[in-house]
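Shared between the two complexes below is chain A, which has chain B as its partner in the first and chain C in the second.
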Partner chain A sequence: MSSAVYIAGVGVISAIGNDVAEHLVSFEQEKAGMDAITLFDTIHRGELPVAAVKLTTRELAEMTGLSPEISRTTQLSLVAAKEAIADAAIPDPSKWRTGLISANTVGGMDKSEDFFVDFLADNNKGKLRFIWDHECGSITETVADQLGVSDVVTTISTACSSSANSIFYAARLIKNDVLDIAIAGGADALTKFTLNGFNTLMILDKEFCKPFDEHRAGLNLGEGAGYVVLVSEKVAKTLTKVPYCKLSGYANSNDAYHQTASSPEGTGSYLAMTRALEKSGLRPLDIDYINLHGTGTPNNDSAEGTAITRVFDGKFPPMSSTKSYTGHTLGASGGIEAVFSVLAIKHGIIYPNLRFETQMEDLPLKPVTKFLKGQKVRNVMSNSFGFGGNCTSLIFSTS
Partner chain B sequence: MHCVSALHGEPRNRRGGTLQRRRLFGGRRDVSRLYDRWFHFTAFVLKGPYYISANCTISDGIISEDGAVLFKSATPINDFLLTAYQHFQFNYPKFYKMDNLSKLGWLTADLLLQNTFNKDGYKSEDVGIVIANANSSLDDDLKYYDTVADVASPSLFVYTLPNIVMGEISIRHRFKGEQAFFVQEAFNADFLYRQVSYLLDNDLVQACICGWVDVLRQDYRSVLFLVEKTKKGNAVLFSAESMDTIFNGGFE
Partner chain C sequence: MKVYIRSTACISPQKTFDDGFLDEIVEYTGTRLAAIEPDYKEFIDPKQIRRMSHVIKMGVAASKKCLQDAGVEMPGAIVTGTAFGCLEDTITFLTRLVEQQEDLLPPTAFIQSTHNTVAAQIALMLQCHNYNLTYVHKGISFESALTDGMMLLNEGETNNVLVGATEEMVDTSFKVLTRLGLYKRHPISNLDLFKERSKGTIGGEGAAFFLLQANSSRESMAELTSLKTLYKQGNIEAAIVEFLTSNSLGIDQIDLVITGRNGDIGNNEIYDTPGKSLFKNTAIANYKHLCGEYPVSSSFALWLAANILKQQAVPQVVMEKGMVVSPKKILIYNHYLQKYHSLMLVSALS
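Right after this comes the complex of A and B.
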């Protein structure tokens, strides 16, 4: 049994940077990652902005050493996971039981879409090597092989809370003495499949998204990957550098209200936040920053806002949605935002909620609008709420 | 066969030796490999016996429960489902929003559970659902696809997955146990028997709703079984044979 779980390393890639250092620069310069679609051909080009990683799949493949025919999801996953492991710099890692708990929602869909162009025209055509890693688990397997991790390798796919749940599950594996080290988080690449799906649901903003704003009109799709390296107390003692923080609280709940919407009262998110607080032994006023789920859709932000209003009862900590920078990276968002939460503690920074103008009418919430340095950030709550009502809150705390 | 939502006990997907796993981290034991072995082992050591406490069939304009006909109406499917809903005086406004697969499964489950099932006897987590069909959500997929040329319909889109029917049943009855949905060419009682027995044997659930819910345009057939660990009233032994007999219209 390990009573505490420490964060020893972080790695991230998104539309605003290819590693942690680039992200910190983009945050400070308040530079959003949204742009016109260039990754694939679509009738939505020029109409819907997306937050794509600023590297082609071929360029990513040069970084990872994988074939460019391997899914972009895998490439992104490997880049961020490798950065997290290098950052953790665990002495003698082969001594320990190590797992990779990785999330994604699109799997190798980007390559499957290429396959189907030829296959639908003639079902004797289409390159099978484009669909061999179509399914979500295949992405994790390839990354685990590349990392040489084999003790526990598993994939979690619970829509937009996927990678928050990976971190949650990884912490439990360490606490229950199944693993000593876990690389946990997730990845997702932009695909036509998700773009068209979200467009069908009529929740994509044609402008850059405005989370928590009265005049928000939907989300921008993003892509990327984010991983943290979680370690047990035993491993933490062997580290040559001080761990960033602890994962002190986590909880998952489901309001089972609708396939793709939260209940108006935000019951699921309320339960996730209050139970994560309970688990961490913290009071609401101990939270120094909330990294919101804040997708920018009318439904999410009002449900999440309502739940926060109930949990924090008038004493609101600074809060912001970093999706105003990265877009909504779906299965990667929980991992990416976990990295941002850890960095907020480490550097004493709070990220602005870009493009916020007008407070939501019925809610007393006003996110942070300027990049803040020199803050005392001890406890950060990170929210990730997914389709199907799957709601997860994580709490990171100074160790 | 395609498994839409995995059963408990599938910790990893193995592709089978195409890549040699380098062991930079070189752990001492492969936990998931042991888990796999355990899973395959226990799958063949069946305990039981378990019992089918109730069954409900909706097919060819007829609704029957435990062999007794409850309702008949030889109308096209949309009308049939609505008339049945009204006939039993259900009051569940969300029913109107559902696709036909969910309506069919929802009605079958409600009638299956209305008399026999003691909901208070189980925790939410202790009731599982295992359903199979041949046409996945194709009925709704086609309707959705017809709207794409004009304005793609969000309300049809959210039903373009077969396992949504299990979600609708779960929301209605507050079930939170293990679930799986399988797409198979035909009703496979033996397969279903193994899946459900596994859940019950390992105490992953204490009761399970299982069976077949299939719709494509005007063709529909739904047969659900309530499987419990204790014998109640006219319950029959839970077995592949008894499910086959009921599925084929026996015990009438």
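Right after this comes the complex of A and C.
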């Protein structure tokens, strides 16, 4: 029950790179992924920037070998999951019980949108292939089939904390001796549904987002996928490559305040962070870097900042929101940022919070603004909070 | 990893939310069974009711009643499962998006369209800051939530876990799923579902919640002894035997098998094979003529099993064959679209 869970592989695709290596370059060059909308026709083109993966769905399909008629979310998911598995390079993987625990928020909504235009005109119209992946689980299923994984295949959806929860759950499946290896994370593609949804809430910044800045005006939507390969102690011993780190702490808590807004005092995030620390046996001052949820909305950053102020009590570790590079990738963000957390430990790097200028007036927090190398990064906390009050914190630690 | 079912509450196309246990059966003609909605005012603040979609109301009311019956105010965790999530709100927002060409969209439908809305609304209602998760994996969404709940109890994280499943059928999903060939092409009586041999089933919906506990008490309804999900299983009969063996049981020790038979020829075949061999001498019951087919319908089956064991009586309307005098062990075997299989072993309290 109490055995450690190791991170043996990572894979990521986002607006700043199609694999891990490209991400590391973009981070060091401080190159953000936001741009004008080109993926679909929308009245918001030219008005709202988005952080899209720099590949068309057709190009992604060429990479994955899947039909381009299959959801972009599936394509993104498969690219990152495959990279993570290849990276883990587990000898003789067939001898272990392997699961895929994935996450997303709107399933194959990009294709459902196409279906719906025809369907609304005539209920007997609309290509059924396009609605087939509407279910969130459908994305995971296709990826599991492609990877040949079947021991545990499931999908979590807790809005923007979805894939942090899939990593959390995967670790527990290993600790409970249900699985030996788990590929866990999540994916979400940009869709008109989410773009317009967030737009109705008036939390999209018309400029590139400025997380944790006094003058922040909202988030930029992004897309992508991020997966980690978690392995049991037994599997870790067979690896030819040293695992990156351990997943040492995790906790999930509900803010129970409002369907979309965070409580002013950040109750949910406070509880997630403190309980994750408790789980890991670490003290706040052991944390060397916080990868913030930091969406750039006035509400999130103020609630998260307030909670951090309470948890860390004046002794703040370096912190930043990598959403200043990737935009907010919704159900993928926990997975993507887990990969960034692992890479921070591996390479001793800390990512800057781009475009930060002015400290929030009522909070003593100042994120890192320059790319830092040669850092001693032993313990990283990664925060993911979502609609419905779902707050999750993960802690990655050197093994 | 056995746990105990302290209480359960179920909203379905039958009068399952009232007192009594399937003693008055509702007959439908068509291919779609709609849930019978209770008086929500007893469970939800009337101001909230107006804002909530069908699935949210069903989920919140069922969870509230389940907690009330258990006498538990604050569960240690809330875990839900749903394959389609909040369809009504999703489709409302999608329709407006297309019809109004992205202009002047109200946010409410989007806000409530996320799959975790039911679990979130329960947390909000209870002011529950504890573990909160939603599983969205097709025909094993409920089983995934149950597995998590059982693990939480096994880990000693808490002594009370609220696990539930919700699914709503709306006109759009009914139309699309009919086009995809899930339902019969002609109206039938739900009570005749197992009589005819044709393709397709009847659609259903509902919400069922369970308060699971690590320890049994005199008030426990039943023991959820074991749960297993299988993906694309070839030899299901061997898998069932293995599942029973892992629980130190043989088929002769199972008093009743509840299957997910749904009236579709292809679907039924999977149950026919063990029905003729492994379950040859075992009493068999079915439930989908009562609630219809939907991805989390196994939650209805678990509600049924828990009540059978608690009341020590099997409603005649579910029986396919055999007799059960004093049910002690029930095996639930369901599959969804022949891809996702689940096995649940439910036992009477010893």
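Basically, the second predicted complex is superposed on the first by the 397 of 399 C-alpha atoms of A that agree within 3 Å, B and C clash if a C-alpha of one lies under 4 Å from a C-alpha of the other, contacts with A are read in each partner's own complex, and residues count from 1 in each chain.
The rule we apply is simple: a residue touches a chain if its C-beta (ideal position, glycine included) is under 8 Å from a C-beta of that chain, and two chains touch if they have at least 3 such contacts.
This one's a predicted model, so the numbers in the text were calculated from it and none came from an experiment.
After superposition on chain A, the partners chain B and chain C are seen to clash.
In the superposition on chain A, A:181 makes contact with chain B only, not with chain C.
Touch criterion met: A:138 reaches chain B and chain C at once. Once chain A of one complex is fitted onto chain A of the other, the partner contacts of A:249 are absent, as it touches neither chain B nor chain C. In the superposition on chain A, contact of A:367 is made with neither chain B nor chain C. By the touch criterion defined above, A:172 lies against chain C but remains apart from chain B after alignment on the C-alpha atoms of chain A.
By the touch criterion stated above, A:43 is placed in contact with chain C alone, chain B being left untouched.
Of the two partner chains placed by superposition, A:334 touches none, neither chain B nor chain C. Greater residue coverage of chain A by touch, when chain B is weighed against chain C, goes to C.
In the superposed pair of complexes, A:96 makes contact with chain B only, with no contact to chain C.
In the superposition on chain A, A:128 contacts chain C only, with no contact to chain B.
Superposed model on chain A: among 171-179, 261-269, 297-305 or 315-323, the stretch of chain C in collision with chain B is 297-305, the rest showing no clash. Residue overlap on chain A between the chain B contacts of one complex and the chain C contacts of the other covers 135, 137-138, 141, 144, 150, 152-155, 178, 196-197, 199-201, 256-260, 388. The touching residues of chain A, counted against chain B in their complex, run 93-94, 96-98, 135, 137-138, 141-142, 144-145, 147-155, 178, 181, 196-197, 199-202, 256-260, 388.
Taken in their complex, chain C has these residues touching chain A: 1, 78, 83-85, 93-95, 97-99, 101-103, 105-107, 110-117, 119-121, 123-124, 126-138, 140-141, 144, 147-148, 151, 154-155, 172, 175-176, 179-180, 229, 231-232.
Across the complex, chain A meets chain C through its residues 1, 42-44, 105, 107, 112-113, 116-117, 119-120, 123-124, 128, 131-132, 134-138, 140-141, 144, 150, 152-159, 165, 169, 172-173, 175-176, 178, 192-193, 196-197, 199-201, 252-260, 267-268, 271, 386-390.
Listing the residues of chain B that touch chain A in their complex gives 11-15, 19-32, 152-154, 157-159, 164, 167, 170-171.
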